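Below, each structure is written out as C-alpha cells.
Both complexes shown next keep chain A, but they swap its partner, so chain B is in the first and chain C is in the second.
Then we have the complex of A and B:
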C-alpha cells in the first residue's frame, strides 16, 4: 500500500503543478480548444475542393488531424516548466537529491513520466468525448481498429518515453540537450505525421519513416483508427514498435547504469 | 561518544574531463583534438565520526570538502578507498542508505520549485514511507524549531534564502535519519537566521543524538558547534583533532589589554610585553598563565578597562595552511 502511495505521489506531481495554478490550467484548456478548432477549420477548407486526397476522405483526414492535435496533449504538461528534468537538475547540481532518496533516479523519472502520461490521457479522453459529441471526430473504423488503436497508441508512448528519457539522461554527459531535443521534436512531429498525415508524403519519405521510431507513436494508431491501415495488416507495425521499445529500453537502462556510476555534481 | 558510524578510508576522487582552449581557433582545435584533463579532488582522505558527534569539515574553496561529503553520502562513487556509513558502503545501495541519512546542500534545494513547501514535505513523507502519525509529530517539532508555519504554504521560488534553507533542513529530517550531512547550510544567511539554524543544528546533536558532518566557512559557527575539526587542503587531510588542540598547536597565543586608572602604579605582573598610550599589553601561550593574570587584574580596584583575546579561528586556520605549505615546499 505504501509502495502504491509512494508511486502515486510521485506520479501526480505535474498534475498538482497545473491544478495549483488555475491560470496555467485555463491557459492549457483554451490553447487546446483553439488548436482543435483551427485544425478542424483548416482541414475542412482544404477538402472543400476535393472529395479525397492521397486516398483519405474528408472525414478520415479531419478525424486524423483533430486526433493528432489531441495527441499533443497526451504526453501531459511540459516537465521543463516544472524544472524537474535531468537536464535542469544536472545543470543546477540539485541532481544530488535524486541520489539521496529511497527511490532510484530511474524509477523516479519513470514514475513522473507515467503520471504525466496519465494526466495527459485524462485531458485527451475528456476532449475526445467532447469532440465526438460535437462531431469533430468520427467514430473508429471498426472495433478491431479501435482496439489496435489503443494498443499501438500505448506502445507508441513507450517508444517516445524511452527516446525522450534517453535524451534527458544524456545530459549527465552533455549537460545540455536543447539541440538534440529540437531535432527530436521536429522529427517526431514530421515523421510521426503530426503536422501532415504521412500518406501525403512521397514514397521515399514514407520508406524512411517506416523504420524510424516516430511513426509508431502517432501515424500507426491514427491510421488504424480511421481505417487506413486494416487490423489484419497491423502485425508488422506492432513488431516494429516492440523492436524499438526493446532497443530503446536497453539503451536507457545502460545509460542510467553508467550515469549512476559516473555522476558528477556541477558547482562543487 | 558511541561507536564509529561514518568512516572515510583512504578516499580518493578523480574527475576526468576536457579543457577548452581559449579563443575561436582554440575552440576548433579542442573540437578536433580535445585536451584531456584529470583533477584529483580528494586524495587519501581518512577519518571517522562517532555516533552523536558533530564534526566540522573545513578547508578553503576547492579543497575537496563537498566531494568528500558527496562520497560519504553515497552520491559520488569513490575512485579509490572506501566509505562506510552505519557499516554500509553508501553508493552500493543508495535507496537503503537514503533512509539512514539526511542531507542539505545549502546552495541547492531538494524542494519542488513550484509546489508549496508543505506539498514537498508530503511528497517526501510518501517517498520515505513515513507513517502519518510520526510525520505529523516530526513536522510539528521541526516547524516549532525552525518557525516554518508562516511561510510553508509558499513555493520555494517565492521564499527568501533563509526560509528556503530552513524548509530544506526540515525536509532532510522528516524521515528521522540518525546521520546528517550539512554542506554550507548557512551560506548567505543574515545573522538572525544563521543563529536560529546554528541552534537547530546544536539541538539535533545535543538533544536528538544525531551524528553530523558540517562544512562551513563560518568560523563562529565552528567554534559554537564543533568540538572536533578535520581540515582538508588540496584534497588531503591536514589536521584531525579537537578545536582546542588546533588552537594550541597553531595559534599565536592569548593577549590581555589593560588600562589602569590615572595615577595608578601598574603592578609587576608576568607576561607584560609593552605599554602604549596608557594601555598595557600582556601576552603568552599558556592558558593557565592567562587565567592567573586575569584573576590578579580583576582583584584590583585601579583597572579601568580590560580586554582578553583568544586566538581568532580564522587566523589559526590560515596558520595551519601556511605551515603545511611551508613543509611541503
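Then we have the complex of A and C:
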C-alpha cells in the first residue's frame, strides 16, 4: 500500500506542475481548442471539391485529423520545462539523486512517464467528449473497431514510451539528445500519420512506414476507429505492436543496466 | 568583429557534440519534409484548396518556409530567453559591450537551418514548376521581399513573446505554440477559415503576412482578400514594421528585468 502511494506521488508530479499553474493550464486548454478548430476547418476545406479521397470520406478524414490533434496531448505536459529529464540531470550532475532515492531510476522514469500519459489521457478523454458533443468527431465505425482502437492505442503508447526512454537513457553516453529527440518527434508525427493520414501517401511511403514503430502509435488505432482498417484485419497490426514492444523493452532494459554501471557525475 | 566571434563560438559549441550536430541538421530537413508531405498530398490527392491551385498553395508554403528558415537562422535566440533568464545569463549579457538582444540572438547557433535551406530551395523549385506564372524580375524581387517579410514577422512574434519570458518562463510555451501554429496554418489560403478566425490571423496574429497576402497578390488570387489589394501588396513591409515595434517592446521589458538572483 505504501509502495502504491509512493508510485502515485511520483506519477502525479507533472500533472500537479501544470494544474497548480492556472496560466499554464488555461494556455494549454486554449491552445488545444484553437488547434482543433483550425484543423477541422482545414480538412473540411480540402474536401470541399471531392466527396472522398484515398478511400477516406470527408467525415472519416476530419475525424481522423481531429483525433490526431488530440493524440498530441496524450504525452502530457513537456517535462523539459520542469527540468526533470535524464538529459538535464546528467548535464547538471543531479542525476546522482536518482540513485540515492528508495526508488530505482528505471522505476522512477517509468512512473513519471506513466503519470504523464495518464494526465494526457484525461485531457484527451475530456476533449474527445466535447468534440463528440459538438460533432467535430464522428462515432467509431463499429463496436469492435472502438474496442480495438482502445487496445492498439494503449499498445502504441508503450511502443512510444520505450522508444523515447531509450533516447533519454542514451544521454548517459551522448550527454545531449536534442537532435535525436527532435528527429523521433518529427518522425513519429510523419510516419504515424499525425500530420497527414498515411492513406494519402504513395505505396512506397506506406511500405517504409510499416517497418517503423511509429505507425502503430496513431495510424493503426485511428484507422480502426474510423473504419478504414476492418477489425478482422487488426491481428497483423497487433502482432507488429507486440513485437516492437518486446524488442524495445529488452533494449531499454539493457541500456539501463549499462547506464547504471558506467554513470559518472561531474567527473568523479 | 565581436559579433563574428560570437557566431563562431556558438557554432563551435554546437559542433562540440558531433552526433547531436549531425542529427540537428537532419531535423531541419525532416521538419521541412513534413511540410512538403502535406503539400504533396494536397497536389496529388486534391484539386486545390479554397479556390487556389495546388501550385499557388505550394508557393505559399515555400514563402512561409523560407521566412521560417531565415528567422530560425538569425532570431532563434528569442526562443531561449526563458532558459537564459532562469540561468541568470542575461545578467552577464548586461555587462558586455554589445546590445543584449544581439547577444541573445548570437548565443545559439540554430543548426537545423542548414537542412531547412536545402528543402526550402526544393520547395520553391516544385512550386515554380506547377505554377503557370511569368517570372519577371519584379516578381522575383517581390518574392524575395515576401520571404524577408515572413522572416521579420516570425522574428517579431518570437521577440514580442520572448520579452515576456524575461519575467514569466511560461512564455516559452506560447512561443512554441505560436511557432507551431504559424508552421501549420501559415501555409494555406486563409479564406478557408471562418471570418472571425481569418480576421484574427490578419489583424491580431498576422500569420497572413507570412504567405497568404503576398502570394495572393503575386498570383492574382485577390477576389476574396480580407484587406484591399494595395494592403496585400504592401504586406512584406508589415513584417518589418512589426519587428521594429517588437524590438521597442523588448527594450521596454529589459528595463524592468530583475535577476533571478534578486
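Things to note:
Methods note: the second predicted complex is superposed on the first by the 266 of 268 C-alpha atoms of A that agree within 3 Å, B and C clash if a C-alpha of one lies under 4 Å from a C-alpha of the other, contacts with A are read in each partner's own complex, and residues count from 1 in each chain.
The rule is simple: a contact is a pair of C-beta atoms (placed from the backbone, for glycine too) under 8 Å apart; a residue touches a chain by one contact, two chains touch by 3 or more.
These figures come from a predicted structure and were not determined experimentally.
After superposition onto chain A, the partners chain B and chain C occupy separate space and fit alongside each other.
Of the two partner chains, chain B is the only one that A:263 touches; chain C does not reach it. In the superposition on chain A, contact of A:201 is made with chain C only, not with chain B. For the combined model, the angle formed at the CA centre of chain A by lines to the CA centres of chain B and chain C equals 90 degrees after rounding to the nearest 10.
Of the two partner chains placed by the overlay, only chain B lies in contact with A:84; chain C stays clear of it. Of the two partner chains placed by the overlay, only chain B lies in contact with A:97; chain C stays clear of it.
Contacts of A:31 after superposition: chain C is touched, whereas chain B is not reached.
Within the superposed three-chain model, A:20 lies in touch with chain B and out of touch with chain C [touch as defined at top].
Between chain B and chain C in the chain A overlay, the least Cα distance found is 7 Å.
Shared contact residues on chain A (touching chain B in one structure, chain C in the other): 21, 81. On the side of chain A, the complex with chain B involves touching residues 2, 5-6, 8-10, 13, 16-17, 20-21, 81-84, 92-94, 96-97, 99-104, 260-265, 267-268. Of all residues in chain A, those touching chain C in their complex are 21, 23-24, 27-28, 31, 34-35, 37-38, 41-42, 44-50, 53-54, 78, 81, 174-180, 182-183, 186-187, 189-190, 195-196, 200-201. The part of chain B that touches chain A in the complex is made up of residues 15, 61-62, 66-67, 70, 73-77, 94-96, 98-99, 101, 103, 105, 107-110, 112-116, 119, 122-124, 126-129. Of all residues in chain C, only 17, 19-24, 26-27, 30-31, 33-34, 37-38, 41-42, 45-50, 111-112, 168-170, 172-174, 177, 180-181, 184-185, 188, 192-194, 197 touch chain A in the complex they form.
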